[in-house]
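Next come two complexes built around chain A: one with chain B, the other with chain C.
Presenting the complex of A and B:
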């Protein structure tokens, strides 16, 4: 039986990790809600943002957190462009399948270009506060992990308020719920959908920056993220943001706790086990609403 | 009298078969021959993929993992189980087919998106398992599969070239048979509109599951054959998401609704891949090239090359005009006047031109 301190530390780390998963999964959920698109390139953009943070830190000594000033608007624009210029060109009848392939192709492109530009070497940002930590009831928590979680929490809260309290948020949710009805009410759904994609990709920019703080990055890392993220959105019920957030916290916690008896590699399988179990026994997901049942 | 297009089609198939069978004779060196084996392997794999992708429209990015399972199954049964190689090959394909039942059950119960998610997860989870479970699979050090024949290297390639060709023929025949059957019709109705298919009484879930298992079995056979040919397995290459995407790219590029689409795609992409490997070595550029090509195909040519070429040929073939034609108002008026004149005189001379043309468009419509 592991000691109490170790267990406590694992719980804390699991929750911190779950926060990051929740932020990233919320982006994936948005795409799926808006266009029924499974965006494979989401995690590739995540790694791209991490690389940009690393590169800016390496070349001009910019703090990774400041790099968000540039990457977030850039990714927002990229998201809008992706939706308006590429995804809307696909035939509606085969959109779900073809968009997977298209975003998969984009992921390959990003991975290949990153590998070409920065080689496959593993990179890591060394910050003054990288090794700083906090002692809490015998558990040691790295400051950078806390910052990453803080970023994720702030971004998720902002997203929540944006969706619930602003006019744009209402329009976006209306578009997700019923596109034709939204259009009848005078909402410019194409525009809103584009912006929704932009917001989704902006979460990848924030997540990537948070990731770069305490993780070693390499171009093919995104495959390690897309699997868990896809599992999370399925378990949460495709298209449900709160469902994805809850599933992310639970699965992040489970992964962290399973690392004690199983080791890091086998602990990752918890996501896939959860994915298969969900699809086999409750295909609409555990927290999903009406939307998920149709898919 | 059999029509011309049928003769042409049969002629093309015979020509293709002759070309495939004659290739080892004209291959200048063993390397080219081994590249030929690889292309044939891809052709079998993407034809197997097309059982699911082409008929039902469900796109799997995880067929690389099924091939990897077949390869490891065969390899382990031969290396650790001591079974004869070809018994191991079929046994492993049967095991993979059995495994495909629960996988398909989870993946196909709901529509669309979750199938893709499961297929990608399958690759990721199997890579994880086969790398970590080193005591059985050899882990990252790889698994050496003993060769089935005691032959020189070029002879070994030659034998496996023909074995792969036979497997390809079997897969093509199976695809063709399903394509013509009632079962195939049901599958295609799922592709076109799953709701309507279900409403008309098609057992959509069962159909999808059966065809997924058939596809998995052929994929595993190709993977196992690869293991016997290549003799060395590494989880990174066997359970690579890239392999799965190559198969999709090949099938889409060639045309998923055509019997020979995946083969055509495999020849194009397979040769390009080999060329890239020789010219640029192991740079990340092949990822860029694959990504670009896939994006272009998806955006601009989702029906593939074979239909595109077919359309182009039709354009030159004046006997098979499409139903939409450019007719000027003056021509139309003349035609109408002629028809009127024809009916007024008792419908005797309806006008050779008029009947001839309608017959022609009808013929064009039915053969299309």
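Presenting the complex of A and C:
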């Protein structure tokens, strides 16, 4: 029934969407890998970054992409601060569970403050190029979506290189793999964990900026994002960045294609179906390998 | 915080109630005639959502009521008596609105009542008014359910219910010669009774007239990514695009469609295009977008000019639809009161109801008349974006610009 052109268009849209999911989920899975922390507030920071981009554009006319010069370092610092000041104080035995409560509170705090500062009105950045598009073999690609995808690709590649090629990345991965062993080897795991958390939040700053380019934002929007992102990192294998990225691409594509027969409302359920299936048949996730945390 | 305020309200209410009882006892001793001929003000009881979910539109309606009372009083009042509004805050709560109207009608003995805002509050409060045989004219509550309750005292003070918003447009399209008439249509509506009502009202009429439906999508209210829906619509190449939208969803859908390069011959969206920020939100690519509207400051109905002028003088800005709906409610009741020559509880209320059932009232939103369920018999005006400005194009008698079809590219 759906024409070839519609299928092709949906594949393109799905890949673009998947790229954004991949970036957003990578931060989330990083927190879990480093500290076994379930960071409910990740998407709240995402929306916060989007609001900052919107506000800077609205008040001083700054292009959202330039706002990252400020928000990325700011979020990195906030992440380090959050980890050092709050999360390390949780007792290791109950860390995962208590981190849900703590970060849930942070998410509510951010949502409340955003509502207080900017009201619940939906906002959108009005860019001169927001409705511009490129033609590609009969399909159309919106410029803003392409920019968002590009941001995600660059950020993910940087993250990958950082983890694989730098000394800090090795230390971070060692901390993820075996904290005690890493400490025995002389790695200051607390410091590394703090920086890892900062990097996680910095991805939220980039993701939020990418998000603000093409969607409407409102303070409670983060609840809409956290569910799919949590599902992605479980499917991808908790703690695995490449796993999260692959799962994000597949699920983004699936959501986009399922919209053709099922409509918008039911296409969203693909994340939860995938989550149930993963927990039922392969709780360690599909792409995480032996590093992945098992519930 | 909410608990404190609701606790704080109770003693206040009892105090007010007991004061009114005392006053009632006093006047009972005085034995004054409270009927039509006296110089006492006509007291109108109203409950509005001034806090909570509907506080924004609730306050809008309140301003409309206040503007109406001022205009009437400046002209010497109704039947020679001044009008006085007694407004309570129902906190957008359906239980509260019932208690408010019970108090206003039963204890406070108000002469007339005006309705609250939103379907959810209109239905329970109309039931209270019916128990007391009071005329109940309401400014908001356009959903079907309101007219399915069998109310005999209710009148909706607006031109049309959601399903009839596009009637003028449907007539116009179906009146086109067969070779020019659009052949296919795509519909995308928010999962919301009002937004869907507008789109499906037009869908029913166009389908009956032979315009084939090629896309029919419903999306949840929290949807922010419309690219999937836009891809389907673009692929269908539908001649007509109808969006059952509120505000932001309409904007997002239009941008997503423009990104995909879709060019319909006709594009109609409810609510969104009449928003003052619409043009800048979609980067001024508004060419030819249509929207039904219940109220326009520019509509050439006789009382509207006066309303816009007086309202602007009183509040420092021009009225919007909520304010106009409140004002219209006042105009409808005033017309009935003037014709029946009375304004008090008791038999008078039935006279008011009977008069409205058979007569047409001139208001700021045009002439209004009602069927047996209180549903207005009119349709909404249709506005179209023409050269960077939104203008009334239908119906013919109040148009500011020509209806343009096929619309220019956006």
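By our rule, the second predicted complex is superposed on the first by the 292 of 295 C-alpha atoms of A that agree within 3 Å, B and C clash if a C-alpha of one lies under 4 Å from a C-alpha of the other, contacts with A are read in each partner's own complex, and residues count from 1 in each chain.
Convention: a contact is a pair of C-beta atoms (placed from the backbone, for glycine too) under 8 Å apart; a residue touches a chain by one contact, two chains touch by 3 or more.
Worth saying up front: this structure is predicted, and the values here are computed from it rather than measured.
**Student:** May I ask you to decide whether A:234 touches chain B, chain C, both, or neither, giving the answer as first, second, both or neither?
**Tutor:** first
**Student:** After lining up the shared chain so the two structures overlap, which partner does A:122 touch, if you call chain B first and chain C second: first, second, both or neither?
**Tutor:** So A:122 only meets chain C here.
**Student:** Considering only touches as defined above, state whether A:168 meets chain B (first), chain C (second), both or neither.
**Tutor:** A:168 sits against neither chain B nor chain C.
**Student:** Which of the two partners, first being chain B and second being chain C, lies in contact with A:17: first, second, both, or neither?
**Tutor:** second
**Student:** With the two complexes superposed on chain A, say which partner A:216 touches: chain B (first), chain C (second), both, or neither.
**Tutor:** Touch status of A:216: second partner only.
**Student:** Considering only touches as defined above, state whether A:55 meets chain B (first), chain C (second), both or neither.
**Tutor:** Touch status of A:55: no partner.
**Student:** Using the touch definition from the top, say if A:265 reaches chain B (first), chain C (second), both or neither.
**Tutor:** both
**Student:** Quick check on the superposed pair: does A:3 touch chain B, chain C, both, or neither? Answer first, second, both or neither.
**Tutor:** The second partner, chain C, only.
**Student:** Under the stated touch criterion, name the partner, chain B or chain C, that contacts more residues in chain A.
**Tutor:** Between chain B and chain C, B touches the greater number of residues in chain A.
**Student:** With the two structures laid over each other on chain A, which partner does A:132 touch: chain B (first), chain C (second), both, or neither?
**Tutor:** second
**Student:** Go through chain A and flag every residue that touches chain B in one model and chain C in the other.
**Tutor:** The overlap between the chain B and chain C interfaces on chain A comprises residues 224, 265, 268.
**Student:** Across the complex, what residues on chain C touch chain A?
**Tutor:** Those in contact with chain A are residues 191, 217-220, 222-225, 227-229, 231-232, 234-235, 247-248, 251-252, 255-256, 258-261, 280-283, 285.
**Student:** Which part of chain B faces chain A closely enough to touch in the complex?
**Tutor:** 57-59, 61, 102, 105-107, 109-114, 116-118, 120-121, 124-125, 128-129, 131-132, 241-242, 245, 248, 252, 283-292, 294-295, 298-299, 302
**Student:** Applying the document's contact rule, which stretches of chain A touch chain B when the two form their complex?
**Tutor:** 32, 36, 38, 40, 86, 89-91, 94, 96-98, 100-102, 104-109, 111-116, 120, 219, 223-224, 226-227, 230-231, 234, 238, 265-266, 268-269, 271-272, 275-276, 279-280, 283-284, 294-295
**Student:** Would you tell me which residues of chain A are touching chain C in their complex?
**Tutor:** Listed in rising order, the residues of chain A that touch chain C are 2-3, 5-6, 9-10, 13, 17, 122, 124, 126-128, 130-133, 135, 140, 142, 144-145, 215-217, 221, 224, 256, 259-260, 263-265, 267-268.
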